[in-house]
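One structure is given below, represented as structure tokens, and several questions about it will come after.
Labels for the chains are A, B, C and D, by order of writing; each one numbers its residues from 1.
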Amino acid sequence: MSSEPILRVKDLTIDLLTAHTVVRPVDGVAYELSRRETLAIVGESGSGKTVTCFAPLGLMPVGVQADISGSILFDSRQLVGSDNETLRSLRGKSIGFIFQDPMSALNPARRVGRQIAEVAELHLGMTARAAETRALELIKMVGMSDPEIRLKQYPHELSGGLRQRVMIAIAIAAEPTLLVADEPTTALDVTVQAQILRLLKEIQSRMDMAMILITHDMGVVAGAADRVMVMYAGRHVETGPTERVLSQPQHPYTMGLIDAIPRKQDAIGSRFRGLPGIPPILGAPITGCAFMARCGYAVDACGERRPPFLPTAVPGVSAACPVLNIRAKECA
Amino acid sequence: MQPVRPLLKAIGAFPRSAVFTIGAFVLLGLLAPYIAPHDPNAQDLLIAGQGPTLAHPFGVDHLGRDTLSRLIVAARTSLVGVCLVLVCAHAIGIAIGTIAGYRRGWTDELLMRIVDVGQAIPSLIVSLAVIGIAGVSYWNMILALALAWWPGSARISRAVAVNTMNKPHMEALRVLGASPVRIYFVHLLPTTIGAVLVYATADAGAVALAIATLSFLGLGIQPPTPEWGQMLVDALPYLESDPRQVILPGLTLTLAVIGFNILGEAVALNRVPKPLTSRMLAARRRVTAFWAKEARP
Amino acid sequence: MFAFIAKRARNAVLLLFLASVLCFALVVSAPGNVAILIAELRTPTATKADIAKVEEELGLNKPLLERYGFWLNGAIHGDFGISYKTGEAVGASLKSRLAVTATLVAGGAVVAFLLSLFVGFVGALWAHRAPDVVTRGSALLGASTPSFFVGALLVYAFSVTWHVFPTFGFAGPVSWVLPWLTLGFLPAAVLSRVVRVGFEEAMAKPYVLTAMSKGLSRTSILVRDAIPNIAPTYLNALGTQIGTMVVGAVVVEPLFAWQGIGDLFLTGVRFRDFMVVQACLLVFITFFIILNVVVDICITLTDPRLRLQRS
Amino acid sequence: MSAILEVEHLVTSFPSAKRGQTIKAVNDVSIHLNQGEIVGLVGESGCGKSTLGRSIVGLEKPQSGRVVFDGVDLGSLSGRRLREARRAVQYVFQDPYASLNDRQTVGEAINEALIIAGLRSQTEREGRIAELLNQVGLATTVRDRFTRELSGGQRQRIAIARSLAVEPRVLICDEPVSALDLSIRAQVMNLFLDLREKLGVSCLFIAHDLALVRQAASRVYVMYLGKVVESGSSEEVYRNPSHPYTQLLLASVPEADPATERRRNPPLITGEIPSPTNPPSGCFFRTRCPLSVEACAEAEPVSQEVSSMHKAACRFAGGLFAKRVSAA
């Protein structure tokens, strides 16, 4: 992964304005993604993990205005401040998207074949007939049986797993260089989840894609991601290679999150480990460390200013924790 | 109190223009006898067909009656008629709809089939048929329109009732062992009435149009009681010489109805998000600008 | 699909039967003795003997079931009895007036269909911008204006002031324009709002986000994704509006002095001419039932979920 | 230990979207719950686990079978007596945002439950509300807040407090933490453990999260397509799963440890749950089962005893299973 990163995000801040409120779900996030790499963005609901990926590409529902600042370089093109047409030309062609709920993400009134084929028509300049053939190929590629029949079916005639396969086929139809998968397995059953994750990995290596995997499930992270970025209250609190972050978490929030997962060694009937308190309600940016109120290690300095994001003692792992920083300084 | 609260809350969320027009219509109807400058039925053939004067700002009709006073008093006729029709129709509709939605099963099937038939036939046909059989009179008109309107109310009430009954908080009450009386009267009925009240208000325009149409056809409000539709049909023979007397009642009626229709559109689009207006954007951006300033020091 | 259509047709026949019972019952249960009414119409000083004669003539003294059978048999063969008022055969007047009403409603339906789609699409394409504000405002105004007022305004503008179209009469296409516009205007406004609201709702659905993620433009999303989803709703509303237009004929025909079924029905209602009311009602309800079946079939054809459920 | 709740041969079906067909969501299920016990009920979506829970508390009407509470067949009661008997079995809903009325304050919601329970004196009710809030770990100051102002975790606690108002002996918990944030799930899970300890309440814990159930429940039932395929102590079932479905289900759960997760090569179940409208003949799992043989299509498998209290509905369960695997 020595080459120039395909995606370089710096100081990304997003304010969402709606008819009723204004919130800042993404507050100064920075990360990089190399070609062929999988980055998992992990966080609870409301941590800003989805908005981070979707808002900069203009994918926000009606009634939500996203004000974006910072810098996002995708393939050395600046996305922040780009006009709608530029973003539109990237969507589908260079960046594919997979959504959480394949039932609502597919159009119920159109045949799945058409929904896949139109991507090929639009981005690969194919005729309707050629695109139909391409759709058939894609349906085979995502491992659906009876591809000819599937093309003619409507989403409600398919099971949840098959719908998600259709969604994947749509996302990869124009062979994008980056795939953004938002909780691709959350709406699915655990047995199907394993199939879909395996398919995603397979397609990623076959097509040489980079992938951003948005999830809250550490199990999914462990199996699929090269690197992981943990988000809390709109900020990235820890990033690093998956195996290191998961086995030696540095930030107290990551530690708590990983510790909270029930383990095989836990005695039956024993108490559950978790974090105290509740996540902050989104709104105005928080001064100091957002996790301070729930943190067991907090000191007075935590509340003073936003903790800088610095390398930790573990190679490749960075975290934004004042206590860690102080400790690191003392060691040095 | 419970059904009124959501209505008040909804009124707060209504488009200003709708609240204003409907409010004006209701006020005009309530205060009509006190603000009408002349007796609406006082004839003065000497000035018949005269144009606007200081005494008669909107002129007088072919019998010399003051048009402004007649327009104002007609608002009351319309308001009372609309209210009577809506109260009768929704009393039947809500009763049937909530019973169907609460009981479900065959009761629901049977009641909704009847409603289906009632809804398949346009409301004006139903009213015309009833009047055709029962004869022309004020109460026959009210009865006819109520008969035409209750199936719609029953359909909506049933949808609301079914939706409410399926809500986990209602299921929780059932699991807690709440009696059917408590579930129906304390929770289901007030919730349904509250939701249907909004629809009823939005529907009032259609009822006002129907009353005017029946009166236009000579089957509703009878002279000399002033009513917009009937004023219009009265003036129609003089369309060429005095179009004002045709246009004024028509325009007033349209104005009265338009408020309800704005409301109806707002209700239909209630749950659909809209793009932010520039004013809203500016207000929200003031907040974020404040954040940026706060974060700097 | 065939099974579904057959089933709907069977239901329709059942409904028709119910409707006929209803029409018959309405007149039977009408307040006041019909025989006295008619006898007094003929001679204001009707005696008991006169009334008995009328009863004998109309078969009013026979048992109900027999009267219903007699009436239904006649209705099926186009015999709806004699008008109390004019003494003409109701069936014959219906037949002669059918073409007038059909012309009116068909023209009005075309006006409503074209106008509503045009206005709705303009609003959707330029959503929340000037063209949308204008079309929405006009639609709102249109849906709030009663057809008799629209008719009066059109007559005043085009006949009285500019002398473009004749004021009344049923004489060739030129005389049809104003009645068509009068009848189609309000339904067009209502339907255009159905289109506009439908687009608004469809464009807020999650699948639109998917379509955006494919890189489709807003216009393509409107055409490819939104239209298939609002077609069933629109067809349903169109059916309802065509039904309403048949009733609208009652208002529009007298306004332009057209001798249609609406005009006949209105006269019947005014003079409580039960035979005419009964016959017109039966014709109207038959039309509504057929319309409903057609609309239902169209909706099933356009909505894949219903198609699956019903096939 | 005596069973406080017994479900015998319960069948609950729904009309299918296609006319004239029915879905047997719960298909001849028998389970029991002992006094003071937490029992898990796991399975994938559509396996009928929620319908089973809803049928027990009367939110769905079963076609046949019996629900026996404390020795009384609930089917033999009706009207007020049924409502009173049912009150002892309460239900905790998945979505705490929907299970409370937005227009009520916390106090009003619990107060109503107390009125339903027949507590007549207002002062007694006031005291009881404070006690209940305390029991679920909330400050009494939340009493006058509207439920809509509270967070998911707080709302779920209030829903539990409301259930406790009628002094239940059994709680049916339908995915009670899956709508909550990851970091606060443990808080609510621990509340259930506390309630069992302090009040002796039994819990039927319905969930798709296998790890959560393993830690909380002493026994577990595994459902597939409306049937219980395996049951036994959590210890046994998780250590020695004996139905091929349970095995594959457990193997599908990814682990949070990258080292083991990368090495792990789970045997994938092919395909997805068949439509419950038209389930396969014989063993319902045979269409996805790596071990299925022709005989599986012929007859429904009989429940085999793997060890005492541990049963699996598979012809290869127990001793035969190992043979079959080694042969394959």
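Here is the rule we go by: a contact is a pair of C-beta atoms (placed from the backbone, for glycine too) under 8 Å apart; a residue touches a chain by one contact, two chains touch by 3 or more.
Note that the coordinates shown come from a computational prediction; the quantities given were computed from them, not determined experimentally.
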Show me the overlap between the contact partners of chain C and those of chain D.
A, B
Report back the single chain whose CA centre is most distant from the CA centre of chain A.
C
Most central chain, Cα average position
B
Any chance you could check whether A-D or A-C wins on number of contacting C-beta pairs?
A-D
Intercentroid distance (Cα basis), chain D paired with chain A, Å
31
When the centre of a chain is set as the mean of its C-alpha atoms, what distance in Å lies between chain A and chain C?
55
Between chain B and chain C, what's the gap in Å when you average each chain's C-alpha atoms?
22
Go ahead and note the Å separation of the Cα centroids belonging to chain A and chain B.
49
Quick check on chain D: which residues sit in contact with 2+ other chains?
none
Can you list the chain B residues in contact with two or more other chains?
272-275
When you check chain A against every other chain, which residues touch at least two of them?
61-63
Please output the residues of chain C touching chain A within their complex, sorted ascending.
203-207, 209-217, 224-225, 228-229, 231, 303-305, 308
Residues of chain B touching chain A in the complex:
272-276, 280-281, 284-285, 287-288, 291, 294-295
Using the touch definition from the top, list the residues of chain A that touch chain C in their complex.
57-59, 61-63, 88-93, 96-97, 99, 101, 104-110, 118-119, 122-123, 154, 156-157, 167, 170-171
Chain C residues within the chain B interface of the complex
15, 18, 26-27, 29-32, 127-128, 140-141, 143-149, 152-153, 155-156, 160, 193, 197, 200-201, 204, 240, 243-244, 246-248, 250-251, 254, 265-266, 268-270, 272, 274, 277, 281, 284-285, 288-289, 292
Residue positions on chain D within touch of chain B in the complex are 57-59, 80, 83-84, 86-87, 89-91, 93, 95, 98-101, 103, 112-113, 116-117, 159, 162-163, 165-166
